[in-house]
Amino acid sequence: MKHKVLAGSFVLVAVAVFLVGVSATNSLAKDKIRIGQAIALSGPLAGGVAIAGGRIYVMWVEEVNKNGGIYVKEYGKKLPVELIRYDDKSDIGTMTKLLEKLILEDKVDFVFPPWGTAWLYAAAPVANKYGYILIGGPGGALKLKELSLPYFFQVLNFSETQAPALADIFKEVGVKSVAIIYRGDLHGVEYGEAMVPYFEKRGIEVKMKKSYPPGIKDLSPLLKEAKSLGVDAFCAASYPPGGMLLTGQAIELGINFNAFFITVTPFSPNLYRDTFGKDVVEGVMGGGAWNAKTSPGAKEFVDKFVARFGMEPDYWGGLYYWSSLQHFQQAIEQAGTLDQKKIRDIMAKKKFNTALGPFWYDKDRYFVNHPGEIGQWQKGVFEVIDPGKKRTAPPLYPKPAWPKK
Amino acid sequence: MIVTILDVVIAGLLMGGIYALVAVGLSLQYGVARVLNVAHGEFIMLGAFITWSLYTMAGINPLVSLIICGPTVFIIGFVLYRAVFTRLRTSSASPAAFEGNSMLACFGLLFIIQNVAILIWGADIKGYTFLAFPVNFWGAVFAANRLVTLVFALVIGAVFYLFLARTRLGKGIRAAAQDPGTAGLVGVNINQVLALCFGFGALMAGLGGTLISMSYKIQPTMGLEYTIIALIVIVLGGLGSIPGSFIGGFILGLVGSIVTYIEPGLALVAYYVIFILLLLARPTGILGK
Amino acid sequence: MLEVSNIDTFYGKIQALWGVSLKIDEAEIVALVGANGAGKTTLLNTISGLLHPVSGTVEFLDKRIDGLKSHAIVELGISHIPQGRKLFPDMSVRENLEMGAYAKRVWKHRQETLDKVYEIFPILKERQGQLARTLSGGEQQMVAMGRGLMSRPRLCIIDEPSSGLAPLLVDEIFRIIQGLRDQGIGIFLIEQNVQQTLEIADRAYVLENGRVTLAGESKKLLQEELIRKAYLGL
Amino acid sequence: MHITTLTSKKFLVAVAIGLIIVILLATVPLYSPGYTVVLLSSILMYIVLTVSWVIFSGPTGYISLAPAAFFGVGVYTSALLGFVLPLPVVIGIGGLVSFCLALLVGALTLRLRGIYFVMFTFGLVELILNFVLWWEVNITGTTGRVVPTVNNTTVYYLMLITFGILLLTAYLIRRSRFGLALQSIGQNEDAAAHTGINVTALKTIAFAISAFFMGAAGAIMATRWTYIDPRIAFNPLLSFMPVLMAIFGGMGQLYGPIIGATIFTYLEEFLITRFPYYYMLIFGIIMVVAILYLPDGLVGLIQRLWKRISERKYAYT
């Protein structure tokens, strides 16, 4: 009983301290723009954050501050930007909690998105509820459209734009049959399902379509089965762990296809090209295409990125996030205030020039002006091979055999 | 058809070798030292990253790295046992309390090691290519690096089995596993033997990490995945038994390979179905008592 | 050879031994007699290093051993054959015996020692490949004693060797113990079977509630009224 | 409890402190900023998971790694029924489904002991996770589901009420014959069986009661996540956290797990926001040091501190 009383007082003190600590708010004169981001710095997603997207936000903040900040008329001066980052441990519950902390307790001026499709999905309604603009970064689920959130802007929407481009390329080069495998998650299911009708409409036969669970350690049976069916093209909707395993096993087993496409993974020069080697990945296709040749702004962005981090950026969303932030910055400057509503209205309507060219959102607040859809590694460059004027190089078909070592 | 069956069986055995290798060290750590080391996968990760660093920076052959990684990780494991678990063993009220407490401590270690690895190597996926060419067996084709891994796994397992069966220290370890008190009475230095044992478990994890890095891409957060596989394997095969780890590993590998061939989406479901059925039918594992 | 002087030992928070002193010489059997809970096993564990006395000293061959760990004490030549056999159940008879020679001092000579132990217990040679768990109680006791001898001890502490054994086997065990004394090994014998023990022992101590209450030549103790009443039921 | 202790001063103090805490917690949303409610909801969720874990695992000594399975079942109930039924009903159903699952699992498996039970419960979570994943991908053709959201204050009060009911249940169990029987199972299962206790039935019921609250917590928390998929709902982290929090707090007393879960969650939140890049390192070191110096958890520390205080008091008088 005695120690229960002690424990009770202990809890009481803790609760009191906690409440006092929490309710102490800081009111400072406006001398900087504070932006919060709850993103995976540890746990299973941390690897993805490091290779795709995570660095773009850091670099943008540095770039803005190098130029003295963002000019906001309301304050009559340039305000530097501070990025407050919390680790969501790759846990969605932690992410939503931290996002609310940033908004409610830290009272940041803006929030940046978390990493991962499902995470983005959970974050969008939270930010929307408090009237905070959320520009969707890494992650792009079509399903988010259904929620129709006025403060949410979607930057990536690849599954519905990449699949037709891929089907057109396949038709152009003469692919007759394909095998599709996809990861058992939102990304895999959306892409896996999206590809089928486009292929069929163009008379390309889908001979195999199978899902695999995330975390599987051996994909060789799927490669062997596709090979035994004699398909021309092998398409995989997977994330980096699966994409790397799949490529590694195809090389090790010497299983080659005339076309080899993986949605997420080949876009990373650092992870994909440099791990396997420039000659080895020759002819591999991947989603999310742009490169330094796409636009002068893209070249400048690549140069800046290389100068800052000592490696090339990913050729998936990197340029998109960067450009979306440039669009965002111009919207703030035009609004002349930090008021979310005013900025949001400008963002929803206005077209601004960015690194990838003119940037605007459609009526659903989806970004549509892509610099390319499908890329292919050719002599160490991730060339855009879309049909039409976005193409930076013609497709290489059939893909050369994996080099013997 | 025959080639297909051969394909499936060999793929299963290759996978099983990797699983066994991952599990052997944990089996020792739990079977003898009674530490349910949930940070086991972190030691595998350390082995893998040391190998990667040596290969990409100094061009050292991963098979040579075995000689470097094993001892390095052994020392880390040994020192950790002396620093944390020896004390915990005496301060815990009962063996059951020690198991709970040591599991909590291992969670702490998991956090520490993973964070240190992220600080050193960054969180992103890394990898290199080594022995990545096909080998042909009567029409069935397999990756050279996985074959090498299987061979090394078997050799490492056999050497360690002989070490436990034949040498003085090995017998001391087995005696300590069966009855630590009496082992002390016949002259076994229990604290030292348990620390060595934990170190050997870490050593196996380090060697496993080196071999795994030849076939798989690696990242600092990869550990838990391998810990889980190892736990399944040692429960399947019987705690503390080295042949048991291999049998458990091969069963898991074969089941995975067969199910992946039929319906890949159910591969992981099959793992757990086998695991749960076996636990219900024979809770002490195939070679357990 | 062994000299225990005035030791106090605690078992957890409870004091189990109060100022206990005793000595054992080479080639003699010293018996320890006492009721359950008198502190006999605590005393043995204190000598073999599983417990450490709070005060007092234990000396073996003029060297203090009361601070040493049990494995170090084995190295010095004290062998403890524990109550209830305590074999390694999943090791063979041969391996169990070899474990007895774990001390560095004797490991090299384990083959010769093993041959000698097989001479004393021929049955163990026949059973050498069998797992210890599969043996009968008598055989297990023989393995335990054989294992104790494998460290080539100067002093052998034997805790309740006769418990649970048939009378014929008990006689056999006692004969073997006498044989060991004749080879010059000191024996510290703890037994419930007081009559038989005092018959073969040279000297004896009586332990009651953690204190030595009687000591002397066992022949004389056998005649003591107190002993006859309390332990022999006469 | 004795009449004299009922009226004793200490008891009154305890009741007073308890009342103040209850009033403080119940009125938090009225005067404190929005985020406090969010953080407290999350702390309450961990407290509910930990205390309900201790209901079964504390007295019996069976370490269950199944909380994530029961929590996940609650999450999915919320996703499936949230749009058609009112939330309190959904929560009840989530709890009941978990309860039934636990009855089934318990009847099947509680003969497993020690590490085998631990492993079984862990395997169960992974089995359900992977099966649901396969089902959603291949049968229903999706992996994600949208969960209807409610406001933060509602979540908070629902969690607080669940916590209140749980606390009462846990207290009653501890003081009942049932609790005593569970305790005896933990001490010596065979002996308990010989004294005529229906060991399997008792264990199964305790397991199911604890699962009920985990399922209810899952059904409530799902509304904060908007979007769920099997990997989010059956996150194995939620199996380990209650175990760690209970050991950290100490299991001997009812307040141990509560303090453990509170401090653990708050500490984590503090580290994650102040030291995002070193949080795991610091947290890991704290865990190792805590287990080295507090082998009986925070309860042990409190008891030792109390003893020292009261000894000093007696020494001076």
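Going by the order they are written in, the chains are A, B, C and D; count residues from 1 in each one.
In this text, a residue touches a chain if its C-beta (ideal position, glycine included) is under 8 Å from a C-beta of that chain, and two chains touch if they have at least 3 such contacts.
Everything numeric here is computed off the predicted structure, so don't read it as measured data.
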- Identify the chains adjacent to both chain B and chain C in the sense defined at the top. none
- Task: Return the chains common to the contact lists of chain A and chain C.
- Result: B
- Task: Report the chain closest to the protein's overall CA mean, measuring from each chain's own CA mean.
- Result: B
- Work out the mean Cα position per chain and let me know which chain is farthest from chain A. C
- Message: Using Cα averages as centroids, what's the distance between chain A and chain D in whole Å?
- Response: 36
- Whole-angstrom distance, CA centroid of chain C to CA centroid of chain D, is 51
- Task: Just give me the whole-number Å value for how far the CA centre of chain B lies from that of chain D.
- Result: 32
- chain B, residues touching no fewer than two other chains: 114-115, 118, 265-266, 268-269
- Task: Name the residues of chain A that each touch 2 or more other chains.
- Result: 41-42, 184, 211, 213
- Item | Interface hub residues of chain D, defined as touching at least two other chains | 130, 134, 137-138, 277, 279-280
- How is the touch graph of the chains shaped: line, ring, star, complete or other? other
- Name the touching chain pairs, please: which are they? A-B, A-D, B-C, B-D
- Note on the structure: Interface with chain B, chain C side, in the complex: residues 48, 50, 69-71, 74-75, 80, 82, 86-91, 95, 98-100, 102-103, 107, 147, 151
- Task: Within their complex, state which residues of chain B touch chain A.
- Result: 7-8, 11, 15, 18, 114-115, 118, 122-129, 132-134, 141-146, 215-217, 219-221, 225, 256-257, 260-261, 263-269
- Note: in the complex, chain B contacts chain D through residues 30, 36, 84, 87-88, 91-93, 96-97, 99-101, 103-105, 107-116, 118-119, 228, 231-232, 235, 239, 265-266, 268-269, 271-273, 275-276, 279-280, 283-284
- Query: Contact residues on chain D for chain B in the complex?
  - Reply: 61, 63, 108-109, 111-112, 115-116, 118-120, 122-124, 126-127, 130-131, 134, 137-138, 240, 243-244, 247-248, 277-281, 283-288, 291-292, 295-296
- Task: Would you tell me which residues of chain D are touching chain A in their complex?
- Result: 5, 10-11, 13-14, 17-18, 20-21, 24-25, 28, 32-36, 38-39, 42, 130, 133-134, 136-138, 141-144, 146, 149, 152, 221, 224-229, 231-232, 235, 237, 253, 255, 258-259, 262-263, 266, 269, 272-273, 276-277, 279-280, 299, 302-303, 305-306, 309-310
